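Multiple structures are listed underneath, in structure tokens.
Below, subunit A partners subunit B and then partners subunit C, in two separate complexes.
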Partner chain A sequence: MAAAPTTEPDPAPLDARLSPGMQAVLDAALDCVVAMDADGRVVALNPAAERTFGYPAAAAVGRDMAELIVPPALRERHREGLRRHLAGGPRVVLDRRIEITGLRADGTEFPVELTVTRVKGDGEPLFVGYLRDISDRIAAEAELRHSRLRILETAYAARRRIERDLHDGAQQRLVMLTYQLRAARQKAGGEAAELLDEALGELDTAIGELRELARGMYPAVLSEAGLAPALRSLANRAPLPVAVGAPAGRRYAPSLEATAYFVAAEALTNAVRHAQATEAAIEVTDAPGCLRVTVRDDGAGGASLEGGSGLRGLRDRVVALGGTLSVTSPPGEGTTICAELPCAS
Partner chain B sequence: MRILIVDDHAGFRAMARRMLEGEGHCVVGEAGDGAGAVVEAGRLAPDVVLLDLNLPDTSGLAVARELRAAAAPPAVVITSTHDEVELDELARQSGASGFVPKTRLTGATLAATCDRG
Partner chain C sequence: MRVLIADDSVLIREGAARILAEAGFDVVAQAGDAEDLLRKVRAHKPDVALVDVRMPPGDGPEGLKAALVIREELPEVGVLVLSQYVEEHYVTQLLDGGAEGVGYLLKDRIADVARFGDAVRRVAEGGSVLDPEVVSMLMGRGGRQAADDGLTPREREVLALMAEGRTNRGIAEDLVVTERAVERHVTNIFAKLGLNDEEHGHRRVLAVLHHLQGA
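Our next item is the complex of A and B:
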């Protein structure tokens, strides 16, 4: 004869309350199902849970669930949550999908997706947890993050190499050609002198264009002296007045400096090319763990991350570093582009 | 002026030497990297070191700081195919007299930059 529900907690395993058909469903499930009573004791666990956590059901039933599958660091929180809920507190964990750390019998910890529901009924409260080992997904996400970062770093390295090659190769040769033509010019007279002057003018233009190309690849001031001087240089060369506020002297990881720089450069390009801005401001703030780059202009607005490939490309770079990019651009009210980049501080 | 030319490109060194000597200056030596620059500057005691910004072993700015820390330091002028005006400020912060882009480099601009510093 079963005990009355109001006196002793029901020690019967979960399967005593289940139809044979439902029991078969739980046995066949690939996800773990673990049932717990109001005292936090394991009432039942299905074969998937036995395999995942490494306890046979016979050894687990009746034991404190927190001791078995909750890592020590999370146990007190788990127990407190259960107490709070039973005292009528809000449902913090119940009926939601959360990601948390699980503990196996061999002591290893692993990421799990967890849902806990309370079984409806008049008897003792019964909680059922549905758990899924998400180690593979978490590892895949980490690999994706690393791979994005590697792609970004490879791209910057390639840009630096091209800049370096242009600088060491073609630019160097053209400069030497300038010296040779100048020497020839000093010895020449008449028509030859005129031709040499023209050639020197052309050469100067070519060197200037090549320098712009190299600078667009990776500005030398950025690698030599860091973000603040590079942004001032960017502002000085812009065809509109640009105020720059940036902490002087600090250096960051190269991919962080480059991303912050290119956010500002792309934002200024858009301000001039698409928004007909008349002035702009670049502000870099260095909060703990976060470098924030904000570029404001007074142009036409109406820019969006979906609009042009330029901003999308910027967002990809920012996201690859684990940061966020926001664009605020109401029509007629200018544009604010803000990148927040995590940094070691 | 007695000048030491520091650049990793032998072609540039030769060309710069010819140009500067053509203007009546004396090129007393050449070096191809930062370490060589420090050794040659100590040995030759030039008036001016014409120093490339990008050296294979170190930055020209770091070499400038080292050269200027000597007891009787030479004047240092940084040069590069780059032309950003900010480089002049950076050059001066490192103790150099200033920055002259390679395209603007002549004996006259070199001397003018030294006088300024």
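Our next item is the complex of A and C:
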């Protein structure tokens, strides 16, 4: 692209349109203000823009704005947009907030939010851009995202560890304890035998409860064999008929499988406990880049993310993976819970 | 009767070995992981191998995979899978190649020495043993899918006990009826499921499989 012919910088046209009060506003503004003419040359920039982009106004005025503050990859789009607009095209960029990348004098690029407006009037076209460096916000958002994900992964790792510890420790010991008590029962008579029978009954209950606790922590079949077998197992143990449709044999990242599983588990729990459903269906569909888990029931409906249910906790897990959770639950018409989880595929 | 025990938990392995030795079994080897199990099964060719689903190496159901290899490679070796959990996924894989000389029990069952000994013996002799929890899970599913097989509730009960590997006499004791009555139920079940006389020895197994698979 040929640069615009060099002319003597002349900020006068802008200054002439500004009252002293308006000038003070621009000088004191924390946001960058950059004005550009119809040729794409910088007409003026305020102190915030000088600081952010690293050019003194005197060095910037008169130069091609794209060369100064637009990263090379975006320059042609910028120039094309300006040409189209001047030729009477639609206002694609004007008067809306957009997020884009800016370029500093030292060559570094950074995220900015930007609005551009065209100064009203009959004179030469004049455009004013308001820009804010949003590096801190973007970084904070990224950190928030990463820390949510780390918390989720840590929680799942802890659940798996607890399941494994119970499996390798307490559960095995209780089995052998049962054996020992049974051996004692063989030798005992009278009251001792009765007490031992009672103890064996309690022990049997404890083993069952511990098994359910361990499974609820993190079902072994989920890490061993994947989502589809784990969901079938969940459906088998549900107190109502649950149809399961899930692609067999596919594996996903552990935190993705766990989140999908717990969405289904929580939805089924709600269907039984709060909605008195008589049947339910779990469906997993596997679109490119997205794993979708849908759980439908024919219960009472009326569930919402705002309620005190486990749904909010579920949404937190889904959001931590960058996904979305929706709940459709009109009173009397059943509940549909759908989680969409981004996945590498 | 020669038994091999594979479990990564020493407690369970030693415990099961002691229980089975006391019950008159000859425990020929113990293995702590899936590779060790396969090596020792090939070397000893026991009558039955007790296999824990979850064993090293790896994070998957390595024990179950080894059990499937044994079924394929050494069909004369009975395989009794033990697990802390009942999982349809594993049960169906295990039964895919038929139900002869195969079993799936929750680990707790080890503690009931008499019944556990019976189960090990039955699998070693080519029979099948399924944990009551496996049966109720699969019957629940099968019952929904194959409700029109014409079985009465009583026949269904008998079939569930057959799936657990009980003999007619055992079933009669459980249901507090005569052995003759059980035989009548069993004959009716065979008839309703279309299992004829020819494969007499397998009919029991076939009836159970037929039902479990919801066919």
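Keep in mind that, in the parts below, the second predicted complex is superposed on the first by the 304 of 345 C-alpha atoms of A that agree within 3 Å, B and C clash if a C-alpha of one lies under 4 Å from a C-alpha of the other, contacts with A are read in each partner's own complex, and residues count from 1 in each chain.
Going forward, a residue touches a chain if its C-beta (ideal position, glycine included) is under 8 Å from a C-beta of that chain, and two chains touch if they have at least 3 such contacts.
These numbers were taken from a predicted model, which means no experiment stands behind them.
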Combined model on subunit A where subunit B meets subunit C, clash or fit: clash
First (subunit B), second (subunit C), both or neither touched by A:Val221: both
Which of subunit B and subunit C A:Ser19 touches, first, second, both or neither: neither
Partner chain(s) touched by A:Pro241 [first = subunit B, second = subunit C, both, neither]: second
Those residues of subunit A which subunit B touches in one complex and subunit C touches in the other: 167-168, 171-173, 175-176, 178-179, 182, 204, 207, 211, 215, 219-221, 224-225, 229, 232-233, 236
Residue numbers on subunit C that touch subunit A, as the complex places them: 9, 11-12, 15, 19, 54, 59-61, 84-85, 87-90, 107-108, 110-113, 137, 140-141, 144
Subunit B partner contacts - residues on subunit A that touch it in the complex: 164, 167-168, 171-173, 175-176, 178-180, 182-183, 186, 204, 207, 211, 215, 219-221, 224-225, 229-230, 232-233, 236
Contacting residues of subunit A [partner subunit C, same complex]: 167-168, 171-176, 178-179, 182, 204, 207, 211, 214-215, 219-221, 223-225, 229, 232-233, 236-237, 241
List of subunit B residues in touch with subunit A within their complex: 9, 11-12, 15-16, 18-19, 22, 53-54, 59, 61, 80-87, 89-90, 102-103, 106
